[in-house]
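I am attaching a structure below and will ask some questions about it afterwards.
We just call them A, B, C, D and E in the order they show up, numbering each chain from 1.
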Amino acid sequence: MKDTVNTAPPVIAAQGLGLTFQTSDGPVHALKDVNLEIEKGDFVSFIGPSGCGKTTFLRAIAALEHPTEGTLQVNGMTPDAARQARAYGYVFQAAGLYPWRTIAGNIKLPLEIMGFARAEQNERVERVLELVDLAGFGKKFPWQLSGGMQQRASIARALAFDAEILLMDEPFGALDEIVRDRLNEELLKLWGRTGKTIGFVTHSIPEAVYLSTKIVVMSPRPGRITDVIESPLPKERPLDIRDSREFIEVAHRVREGLRAGHSYDE
Amino acid sequence: ADSVTLQLKWVTQAQFAGYYVALDKGFYKDEGLDVTIKPGGPDIAPEQVIAGGGADVIVDWMAAALAAREKGLPLVNIAQPFKHGGLELTCLKETGINSPKDFPGHTLGVWFYGNEYPFYAWMAKLGIPTEGGPDGVTVLKQGFNVDPLLQKQADCISVMTYNEYGQVLDAGITPDQLVTFNYLKEGVGMLEDGLYVMQDKLKDPKFKDEMVRFVRASMKGWKYAEAHPDEAAQIVIDNDASGAQTLDHQKYMMKEVAKLTAGSNGALDPADYEETVNTLLSAVSKENPAITKKPEGAWTHEITDLALK
Amino acid sequence: MKSVAPVLTIVAAIIALWYAGAVWMNSQWVLDQAARAKKEVTFTQVVGETMNQKRPVLPTPHQVAEGLWQGVFGQKITSKRSLVYHAWVTLSATLLGFVIGTGAGVLLAVGIVHNRAMDMSVMPWAIASQTIPILAIAPMIIVVLASIGITGILPKAFISAYLSFFPVVVGMVKGLRSPDGMQLDLLKTYSASPSQTFWKLRWPSSMPYFFTSLKIGAAAALVGAIVGELPTGAVAGLGARLLSGSYYGQTVLIWSALIMAAVVAAVMVGAIGAVQKVTLKRMGMAR
Amino acid sequence: MIWLLVALVAWLGGWALNVRLSHSPAANTRAVGLLVPTIFGLTLLLVWQGLVRGLNVPMVILPAPTDIAVKIGASLPTLWTDFLQTFVKGALSGYVIGCGAAFVTAVLIDRSPFLQRGLLPIGNFVAALPIVGIAPILVMWFGFDWQSKAAVVVAMVFFPVLVNTVEGLNATDKMQRDLMATYSASYGQTLAKLRLPAAMPFVFNGLKIATTLALIGAIVAEFFGSPIKGMGFRISTEVGRLSLDMVWAEITVAALAGSAFYGIVAMIEKAVTFWHPSQRSRA
Amino acid sequence: MKDTVNTAPPVIAAQGLGLTFQTSDGPVHALKDVNLEIEKGDFVSFIGPSGCGKTTFLRAIAALEHPTEGTLQVNGMTPDAARQARAYGYVFQAAGLYPWRTIAGNIKLPLEIMGFARAEQNERVERVLELVDLAGFGKKFPWQLSGGMQQRASIARALAFDAEILLMDEPFGALDEIVRDRLNEELLKLWGRTGKTIGFVTHSIPEAVYLSTKIVVMSPRPGRITDVIESPLPKERPLDIRDSREFIEVAHRVREGLRAGHSYDE
C-alpha cells in the first residue's frame, strides 16, 4: 500500500464523465461533465437535491452503470476490473436483503462468496450485528423487522468484509438521530482504524460536514458537480465539534451550494 | 320423411359400405326415411350412445351387445347383414408359431373395448393361461393399427380380414411370411356387425315400421355394394369427412367385406346365434364375464320377416 | 427479431438430429425385410431406404414437409383433404372453448379472491377436476350432451373449455392476489369499495398473470378441442386426422397434423402475445 | 322428485355451512381448512346422487356415487395393481425424469442467451403438440409397458417446468443482482445464492402444473396400447364393457392420487418458499 | 394528560392501547399501554428509535392494524368507521406508487375513488404536483423517477384530496434539507389554512420541533410512549424560529427523551 498522501494516484478519478439514460420519452442526462478525484483514505460525501445523480455516480464507481462519456478510473483500473478485485462494499438506498435468508444469513452472504472460514464468518456476523445494535436479531427474517432495522442490517452486511472502498447510498436515512449519531461515530472510528476510502450519499448537511474530508455538492438537470469542499476539520472528531466555528462555516457553504443548485431549475 | 339415426361401431370405411350406398343411392329416401349416419371410433361405445338416446339403431358385435344386455341395457338384434366374421389373429412365421399349440411363451396383441371376448373364449378352449409365463401367453392391449407386429413388439396381432390384414401386406410382408388363424375356423367365431335397437322401442308400431323400411333399404344397399365394389368404395371415400382414407385401401376392404356379407339376406341365422352364445358361455371367467347365462329375447325376426317379404 | 438466428440454428440442429433418428429408427425394418428376403444390404442402402419409407417409424423431415405442403397447398382449402380446412374445424371449436373456459376461469378466480367460502371449498376440487383423465370422460360428455340435444361444435368447445379454465383460475388467483400489503392498505385508507379495489388495483396488477394464463389456456383449449374430436367419430378436424393416420398406419399424416396443430397453437399464442405487448406498453409496464 | 329435492337442499345446506365455517374465527385452523372442501365435495356427491336417482339416469351413462363406492370396495386389489402400474411406474418415474431433465436443461441454457432465445420459442411450440398425437408415436417407440407411459409424461412435463424455471432464474430484481455484482460473485455463486432461491416460487409453479399433467399423460397413453393392467387400460376396456361403475372407480382413484400428489408438492413448496409474500400471511 | 381547555371531544383517543404481533418465534409487543389524546387541529410528531412502533401506531389509527388491547377512538367512532367516512390521508414510509399508472394517474387515484369531477381532478393534480415541485413530471411512470421524487409524488397523492386527518410516515426521509425545509413550510401553511389534524413520524428532532404542537417520544421493546411534549411555539413559524431559545429547549428535551429510550435496552 502506498501511504504517501500526494504522490499516490487517486483511488477514484473521473474526467468529463457523462451518463445518459435512454428512456422512451427522450434521453435523461443523469450525469454531465463530472470531474472528481478521490484520494486513498478520503471520506467523501455527496449531497444534492433528489434526482441530481448521486446514486447514479455511486453506481458508476461500482461498475453497476457504465458511463456514456468521459473516463472513470478506480485504483488506476476500470471500475469493472476493480470490482473483480473485490474492492467494493456497497450499501444501497433501500435495504435489499434476501428474503429467504435470515439477518445473519444475509450478513454471511458476502463472507461465503469471498470464502471466509466458517468460524470467522460467525464471529464477524456477531461483531457487526453488535455494531449496528441488532444483536439478538440474527435469526429473524428481513420481513419481520422494521424499515430502520432492515437498513441497519444492510449496513452490517457491507461492513462484514474488508472492502477497500465503501460506497454508501443514504445508509442512515431511515434512522433516528441518536442511532445516527452513534453510527456516525462508529463509522468514523472504523474509517480512522482502517483507512478505507468512503463514498457517502446523504441529505443531512450536518452529517456530511461531520463525517467528510471532502464534500461534493451536486445539482440536477443535468446532474453535475457544483462545488467540492475540502473540510478543514481534524481527523479526530468528537461529537461536539459540531458546535465549532469551522464546522458552522463549512455547513453554511454547503447550504449555500445546495440552495444555488435548487435555484438553477426554478 | 321419418328420421333415423344410425350409430356405427367404427369410423367411416367400407366395413359399413351398405349403409353409405343406401344413403347415397337414395334407397333410404325411397323408403321415406331421412337417415343420419354417425361414424364411431375407438372411444365410442355404440351401446352407450343408444342408451343415451343419441341413436335409434346401432351397428354392434353380438358379444358386446349380449354383454350390454346382461348389464341391463336391453338390446335386440333386428338384422344381421354380416354372415361371417372377419376377426383373425395373424402371426409372423419367423417367431416360430405354426399352430395354436405354439402360443405359450409368446406375446399376443388383442383388441379390448368389448372385442376381447372371442379371444378369451379361444384361450379357454385351448386351455392356455393368459397371465404370461412360459406356459401362458402375454396379452397386450393392442392399439388401432398393425405397428406392434411390424415393430416386433408382439408376435401375433388381431386383424380384420378386410382391414388390418391388408395393411400388413401393404407394409411389405408377404402372406407366406404369416400364419393366420380365423376365429370362425377355430370354432370360436362370433357374429360381427349386426343391427341392434332398444327392446322397448320395438313395441311402438311406428318405430317398428321405420326399422322395417330401414333394414330393407340397408340390405338393398349391401347387395348393391357387393355387386359394385369399386363404386361402393368411392361412395365411402366421398362420405369420409376426415379426408384421410385412400381409395385403394377401401376397394380392398370392400372386396373382403363382400365375402362376409355374401351369405346373408339380412335375417339372423339362429344357429349362428347359438354358436356365439355357446362360445361366450364357454369362456366365462371371473375377469371376463361377457355373459353368465343364456340370454332371452336378444334377437327377433319380426323386422326382417316384414322387410324381406 | 433478435431471436431469428438462434431459432434457425436450433431448428437446423433439430432437423439434423431428426434425420439421424430417422435413419436409426427406420433401419430396423429395412434390416428385417432384408433378412426375410435373405439379402445382404450395405450401409448406404440402409440409409437410402430409411429416407422414404411408406410406413416409417419416424418419418423424415422432408416427408413431413411434403405431407404438410400437400395438405396445405395441394388442394382447395375447402377440400376434405386440406389441412387448412381441418385446422379451421379444430380452431373454431378451440376459440369457442377458449372464450368459455377463460371467461369461466376469470369469473371463478374473482369469486375465489373475494369469497372466503369459495376459496376454501372450490380450489381443491378445481385441482381434483384436472386430475380426471379428460380422454376418459370426453365420450361420456359427448353422449350426455347429445342426449339432451346439444351436438355439433358445442360439446367439443365444452371439453376444450374444461381444459383451459384451470390454468386461468390458478394464474388469475395468483395475479389478483399479487398486490402487496402497502398497495392494498393505500386503498383501505381511501375506504375504497371492493369493486373499486378490483378495478383500480387487483385487475391492473394481475395483467401480466392474465396474459400468461391466456397463453397456457389457449394451448390447453386446442388440446381439448382435439380430444373432443376423437369421440365425435373422428369426423373432421386435426384430431380426426391424427386418429385416421393412426388407424391406417400413415405416419406422415400423423406428423403433418401434429405440426399443423402446433402451428395453430403458436399462432394463437403469438396473437395473445401481441395484445399483451400493446397492453403492457400502454400500462407503462414494458420497460 | 324427492331425490331432486334432496339434491337442492344438500346444496344449499352445504354452502350455508361452509360460508359460516369460513367466516368463523376458527377459519384459519388446519381442521377447518380440510373440513370446508370436504363438505363442499360431499354436497357435490349428494347433488350427483340426487340427480342420477331423480332423473333415472341409466347406469351405463352415469352411475350414482353409491354404486361407485360399492364398486371401489369390491375391486380394491385390481385398483391397487392399476395404481402401481400407472401412477408409480408410469407417472411418477416420468415426472421425476421429466422435471429433473427440465430443471437441469434450464440451468444449462441459462448461461446462453443464444440458446434461450432459440430454444424457448421452439419449446413453446413443442409444448403445444397435443399428447393425443404424441402418445401413439411414443407407444410405438418405447413399447407397451410403463416405459412408453413415462416417456409421454416426460414429454408433457418437460416444457412447463423448463419455461417456469427459466422465467424464475430471471426473476431477481435489479438491486439483488447488483449486490452480487459488487461482491464480484462468480456465475456459480450468483446462481446458488441468489438466482436459484429466487426462482423457487416459479419452479414450484411448474412442478405443480406438472403433477396433474403427469397423471393425465400416463392414463391417456394407455389408451394407445398397454399391458392388460393400468388405470387407462381399465378405463378404456370397461367403457367398452359398459361397466361404468368400474370406470368411475378408476377415475376416483385418479382424482384422489392426483390431488394428493398436488398437495404434497404444494406442501414442499410451502416449506421451501416460506419467505415469498404469497406464502406469508402478513395481513 | 388533558391539559387543554378545549371542550370538543378529541379527534384521536387511545386508552391502554396494546398491539402484539404473533410471529413464528413468539409474540412481538409492538405497542404496549399507549395512552394519548389528539385534539382537532393538532400537529403531532412521533419520534423514537427504529422498531419502537411508530408505524404500527399510525397504522392502528388508520384501521390498518387492529389493537389487541385497550381502546382507540377516532372522532368518537372506531377507526374502521372513521375510515368509512374517508377521514384519512396516509403517506406511507415507502412511496408505494402503482407502477402501471403515471405520476398524474397515481395522484388521481384517490380522486377517482372519491368521485371527484374530471375537470376538478386535473386541476387538483396540477396544483399538488406544483406544491411538491414535480410540475412537468405528471406523464412519467414511477420507475423513471429517483427515490426522492417518488416520495414527493406520494405526498402529493395524500394532499390531493381533503382528508380531515393526515397521517404521514417519514414523508421527508429521502429528501435533502432544502426541499425538506420548503415542504415543511408548505405543510405548515396548509395546516394553518385548513386546520387539519396531522400525525407525523420523523427521525429529525428539528423537524419535529419545528412542525408540531405536540411531540410524542416513543421507545421500543415493548413499544410505548415515554414523553409527550406540548410545544410552546406560536402557530406562525418562520424558518428562523429554529434559532429561538424555546425551540432549542424543546429540542433538548426531545433529545433527552430519545436518549433515555435508547439506554433502556442497553
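The criterion applied here is as follows: a residue touches a chain if its C-beta (ideal position, glycine included) is under 8 Å from a C-beta of that chain, and two chains touch if they have at least 3 such contacts.
In UniProt terms the chains read A, E = ABC transporter ATP-binding protein; C, D = ABC transporter permease.
What you see is a predicted model; the values in this text were computed from it and never measured.
Identification of common neighbours of chain A and chain C (ABC transporter permease) yields D, E. Think of each touching pair as a link: the shortest run of links from chain C (ABC transporter permease) to chain E has 1 of them.
Taking C-D and B-D together, the chain pair joined by more C-beta contacts is C-D.
Of all the chains, the one whose CA centre sits at the greatest distance from that of chain A is B. With centres taken as mean Cα positions, chain B sits 86 Å from chain A. Per-chain CA centroids place chain A at a distance of 50 Å from chain D (ABC transporter permease).
With each centre defined as the average position of its C-alpha atoms, the distance from chain B to chain C (ABC transporter permease) rounds to 35 Å.
Chain contacts: chain E has residues 94 touching two or more partner chains. For chain C (ABC transporter permease), the set of residues touching two or more other chains reads 57, 135, 139-140, 143-144, 147, 230, 246. Each of the following residues of chain D (ABC transporter permease) touches two or more other chains: 61, 136, 140, 223-224, 236, 239, 282. Contact between chains, per the stated criterion, is found for A-D, A-E, B-C, B-D, C-D, C-E. Across the complex, chain C (ABC transporter permease) is touched by residues 15, 18-19, 21-23, 27, 32-33, 36-37, 39-41, 44, 61-62, 114-119, 121-122, 124-134, 136-137, 140-141, 209, 212, 215-216, 219-220, 223-224, 231-232, 235-236, 239, 244, 247, 250-251, 254-259, 261-262, 277-278, 282-283 of chain D (ABC transporter permease).
On chain C (ABC transporter permease), the positions that touch chain B within their shared complex are 28-29, 32-33, 36, 54-55, 57, 79-82, 85-86, 135, 138-140, 143-144, 146-147, 230-236, 240-241, 243-250, 253.
On chain C (ABC transporter permease), the positions that touch chain E within their shared complex are 182-183, 185-192, 196, 200-201, 204-205, 207, 283-285, 287.
Residues 23, 25, 28, 47-51, 55, 93-94, 139-140, 144-149, 151-152, 170, 173-180, 203-205, 255, 258-259, 261-262 of chain A are the ones touching chain E in the complex.
Interface of chain D (ABC transporter permease) with chain A (complex): residues 175-176, 178-186, 189, 193-194, 197-198, 200, 273-276, 280, 282.
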